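You will see subunit A twice below: alongside subunit B first, and alongside subunit C after that.
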Partner chain A sequence: MSGCQKAARPLAQCLRSSQALCQSARAIRLFTRSSRLSEEAVTETASFTTTPIYDPEAVTSSKEEKKLMKTGVFPIGSRRRRAAIKTSENILFEQLPYQCFQEARKVLQADREEKLQLIAKERLRISNLIATDPKSINGGRKFKQVRLDSMRRHLEYLKIQADINDPLIKKRFEDGQGDMTKPIYRYLADRKWRDYQRKIIVQRIEQLAVVPDVLPFFEPTAEVRLAFRQKNVQPGEFVDSRISEVSARLKVQVFDKGERLVTVAVVDSDVPIVDKDWFASRCHYLAANIPLSPTETSLPLSKATEGQLIHPWLPAFAQKGSPYHRYTVFVLQQKPGQILDTATLKEKIKRDGFSMRRFVDRNNVTPIGMSIFRSIWDEGTAGVMQRAGIEGADIEFKRKKVVALKPKQKARGWEARHASDKYKSLRR
Partner chain B sequence: MLLPRLQPPLRAALASIARSSPSGTSTACLNEAFAALALKPLVFVRHASHAQQGAVNKAKDGPGKRLGAKKSGEQYVIPGNIIFRQRGTHWFPGENCAMGRDHTIYATESGYVKYYKDPEKHGKRQYIGVVFKRDQVLPLPRNSHRRRRLNMVAVKMEVPPTATEPVVTDLLLEGSGVGGRKEVKVRKKKGERKGEEGRNLKLRPGYMYREANWEIGRAAERAGVNVKAFKPRDRWTAWKKREVRFAKNAEKRSLGRKIGGK
Partner chain C sequence: MAPSHNSIRQMVSPLLQSFRSLSLTSQNVLPSTSRFFTSSSTMSAKSDKKKSVDPRITLIRYHLQHTATPRPLKFSRTRALRHWTIHRAWMLARRKKLEAEELELQRMYQSMHNTMEVLRTMDEKDGLGRGKEAGRLYRVALEKKGIFGQGGVPIEYARLQTDTPGREAWDHSWTR
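Presenting the complex of A and B:
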């Protein structure tokens, strides 16, 4: 051992002991409210058959996860996170003892206070402006309305700015515990959607030519997810006819506040018409006056009531040889207070030749969200068509022969020139 | 090519021969002359024009490649017809047209050729498209639906498709039909072959019909195959099995000799 190592030995020993002390301090667990989950004693109940309660934040093994999911609650975060929570001291996030972090928190809190004051001021200004007489305003009632709109927009902006820097809000949103009635969580959900999933939908719209064929223009503003029973459908995916035999389930997430009524329409835009040598469209499902809000996102299409349903679910089918059929599922927002009369619409609107453009124009609805799936002929299509009472399962589509412009080339060679009866003797 | 000047070294060599001629013989004089040539450095010179001037530095002009338009505007084309041959993209493929690897524009649908510009798609580019009606104008109006053709004939199938029979389950799942209609789970029933009774083929990913591996493992059980338990000291059963085996092998050998042997 070198001289410096000998000299450092007492210091090293001291450090080691202090480390042990620290560890034991952690074992003692100062400054915490909660206890380590692994140390908690299992409470024994009176009955011997105990149903253990699983914490969604602390389940680690796959068996525990499955048991938790059966109760309807989903585990939160990754398994590593849950294991860390289970084995750590669980100091509250805002109490983490790091100086820089706490200083940063103070700065953010000061900023939040500022924003809250600005919000209060803006609210006061809005109420004052509403109270003033339009005649006294330069520009009249119209300009008053313009000013009110812009002030309200600014107020919404301030509300977001007050909460956007809060790490706990970010954490709650990422855990899926965000309250969609609050603007900040809606804003975060919208941003997350726009980051990836919306781009996919926009790409599918362009790739599958939904926009020129079904609607003249469309910008998605709500997230629409499609599923058949338990099977989630990616936008543009080919779905087996037996799977799409049942009606779909939609999960629609809107990012602006308030409850509204929506119409759901499922349109097949590639119905082959042989006589006219073109494609027509057909409506596979139509229902109106369905309530939707940022918190109520589930729309099972089979659960539509009599006052909502216009056309029940018709299974998706594609005859053999026909090119793939695109089934677009549109969610259309009705104007506030507008209720569509389903009884008259049932008679007026026919399934065959359904035009989405005409429907949107006549009923004055705005498309907010869309999903799409495709279908081709497969083994189960014949059965699906038979059960749904649709004729045409025994029809096959074959490509039309293209007549060549050039006349067929005359046969060349000695054999061709001497093929007539004149040269019968020369033939083999 | 710079040719070496031979005159000065030659003159010098001849002068040296003249100087030394009274002393040496003719061969010696010649040798001396050649030695003088080798010793004297050669002078390289450029002339005004040279033979290679005509071919090397001239700009190349090969035979014409017959580029350009092969079909004019409003001419009828069928899928595959080449419309324009070009180097690079003077013209871009528009409606119902595609571009080959050497930027050749060809038609993908039967129709009439149209040459046009679409400022909304791209400010500077010019396009070649194919329309179905001679009087249709390209570019199409903004946000209008695509013009498509089915190009197919409906034919009745010779063998009508068999509709698979559904298996009715009492499980009413979410998403069942309107009016409480029971949802059916379709199970394909193939014609069961001998030795394959009781096979439960499920539709697996990739559209393959397959039974589970554990079911394959229990095939012998299902078929009711009887296997006699092995008894270690039963020499008579062992002898019987042995005799059967020997007879089979002998037959195989004799069969091989009959067919294979020449």
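Presenting the complex of A and C:
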């Protein structure tokens, strides 16, 4: 601290304190009626004479910021950024005057034009192949179908390649504004999902043995996010029974185009059966013919209509002493045009002893997505069971004691010598 | 019991104090110094083990925080997007160039192959390519006379081929 500052410090402190006093006085006076009235009058006159409307994107001085904050709007970003925005003319991203960037855009645009021509050509080829008689093609109808499939796949590939280098598309996707009806956004979303979320769900399928226990094989192709009310559930999470009392909300994102009907099934695969000393599965929810498309992702299970519903939501409950229960939520895609008859399914399918394998095989549906949560006995389970009218809250499962076949032998050797409590610390 | 005990203590206390101070100092000096080395060394060893940082981490820190290390790239949103655009365009252009080069090589190879095929089946006298003279030009084209220089031999045959290397790998004293 320089000598000058040292000298000035008491003065500065004094000034500061006086300012604070002033402010405090003002704050106190605010509560009185007269001053408030006068302030109101002042604001009214101000609004009549000049109405300074500050842009939250371009406020730079602290005074203006304060005034803006008083109205309840907070300035956006840093002051430096706001100053930069204020001084710059709003140039579109594509027209930014950077030479290398503009040259790059030209290259990308030329490539896009090429790809568009290829797309047109491929479309023409496909239509020509459709028009030709399968008898004139070497290999017949089957070969024609194979060629058509591969050509369509190539067309999809070209469509994605035409747009994948567009920076604006990338930006829009990152902002979550992508239009899922377009193949490029679906492709990007799929890639993002496969990057992390799919790996997690695949790991859970393996760790929690969903694949041999519930289904013989399963490859997830759609993203399923699970939530109860406000609570998002991570795959495999233990969920409190009071939270899972209400039916789940699903968000299912499919990455292939078109509308389809899906069946949703929630299965508990760890129901203990005491008589057989075995575990079975139980259906906690089943609904069919629910429309789903890449843009309609929300799937609240409680909103299923009477015609769609087969079994309404049964709260997840794990009785005391039983190991944790795995509740798998499966989204099964029905074949195009296939509508399941819910009335007969209601009669046929019972909750207890529900087999996912059998359901998939009998009804010819394909599992596309899965989510899983776990449940264990907690303090709320008894209440949940009582409210849902489920009996057995008072039952506690205990392991059957296995009697050893070998008779117990008297301790010998080291064990016998160290049997007293003196060597307690040595014992295992 | 207690009062008598107290009185005795009061009486003895000056003596005791002097003793205590003596004994304390002696205790303080001698055993503690002897204990100092052992206990402190073990203590410090333990704390060192706990506090010691992996030398690799130290090295990484040193190099990352060195003034000669360039700072990490930090781009704004639009600048990052511009960077990405340029990068994609560059990759695209480079791939196109490589593909074009490869195609050109393929074309050249195919053209040579076709030429040789024509030569092989050509017959100057009989147009059908069945006579004795069939493929004469092909054979002439494939003749390797003089490709190692006038009267030269390939380097593989410069030394007599043997099963094992010689006892002396190279005779340095040899002169023509």
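The working rule: the second predicted complex is superposed on the first by the 318 of 428 C-alpha atoms of A that agree within 3 Å, B and C clash if a C-alpha of one lies under 4 Å from a C-alpha of the other, contacts with A are read in each partner's own complex, and residues count from 1 in each chain.
The working rule: contacts are C-beta pairs under 8 Å (C-beta built on N, C-alpha and C of every residue); 3 or more make two chains touch, one makes a residue touch a chain.
Just so it is clear, the model here is predicted, and its values are computed rather than measured.
Chemist: Report for A:Ala419: first if it touches subunit B alone, second if subunit C alone, otherwise both or neither.
Modeler: neither
Chemist: Could you let me know whether more residues of subunit A are touched by subunit B or by subunit C?
Modeler: Answer, by number of touched residues of subunit A: B.
Chemist: Quick check for you: in the superposed arrangement, does A:Lys170 touch first (subunit B), second (subunit C), both or neither?
Modeler: Only subunit C; A:Lys170 stays clear of subunit B.
Chemist: On the A-aligned overlay, A:Pro216 touches which partner chain: subunit B = first, subunit C = second, or both, or neither?
Modeler: After superposition on chain A, A:Pro216 lies in contact with subunit B alone.
Chemist: For A:Arg387 in the superposed arrangement: first (subunit B), second (subunit C), both or neither?
Modeler: A:Arg387 sits against subunit B, while subunit C stays out of touch.
Chemist: With the two structures laid over each other on chain A, which partner does A:Leu309 touch: subunit B (first), subunit C (second), both, or neither?
Modeler: In the superposed model, A:Leu309 contacts subunit B only, not subunit C.
Chemist: Go through the superposed model and pick first if A:Val107 touches only subunit B, second if only subunit C, both, or neither.
Modeler: A:Val107: touches subunit C, not subunit B.
Chemist: Touching subunit B and also subunit C: which subunit A residues?
Modeler: None.
Chemist: Which residues of subunit A touch subunit C in their complex?
Modeler: On the subunit A side, the touching residues are 93, 96, 98, 100-101, 103-105, 107-108, 111, 165, 167, 170-171.
Chemist: Where on subunit B does subunit A make contact in their complex?
Modeler: 76-79, 81, 110, 143-146, 148-157, 160-166, 173-178, 183-184, 186, 188, 207
Chemist: Once bound in the complex, which stretches of subunit C touch subunit A?
Modeler: Residue positions touching the partner: 77-78, 81-82, 84-86, 88-90, 92-93.
Chemist: State the interface residues of subunit A toward subunit B in the complex, per the touch definition above.
Modeler: 209, 211-213, 216-217, 228-229, 242, 246-249, 272-274, 277-279, 300-302, 304, 309, 312-313, 320-322, 378-383, 385-387, 393-400, 402-405
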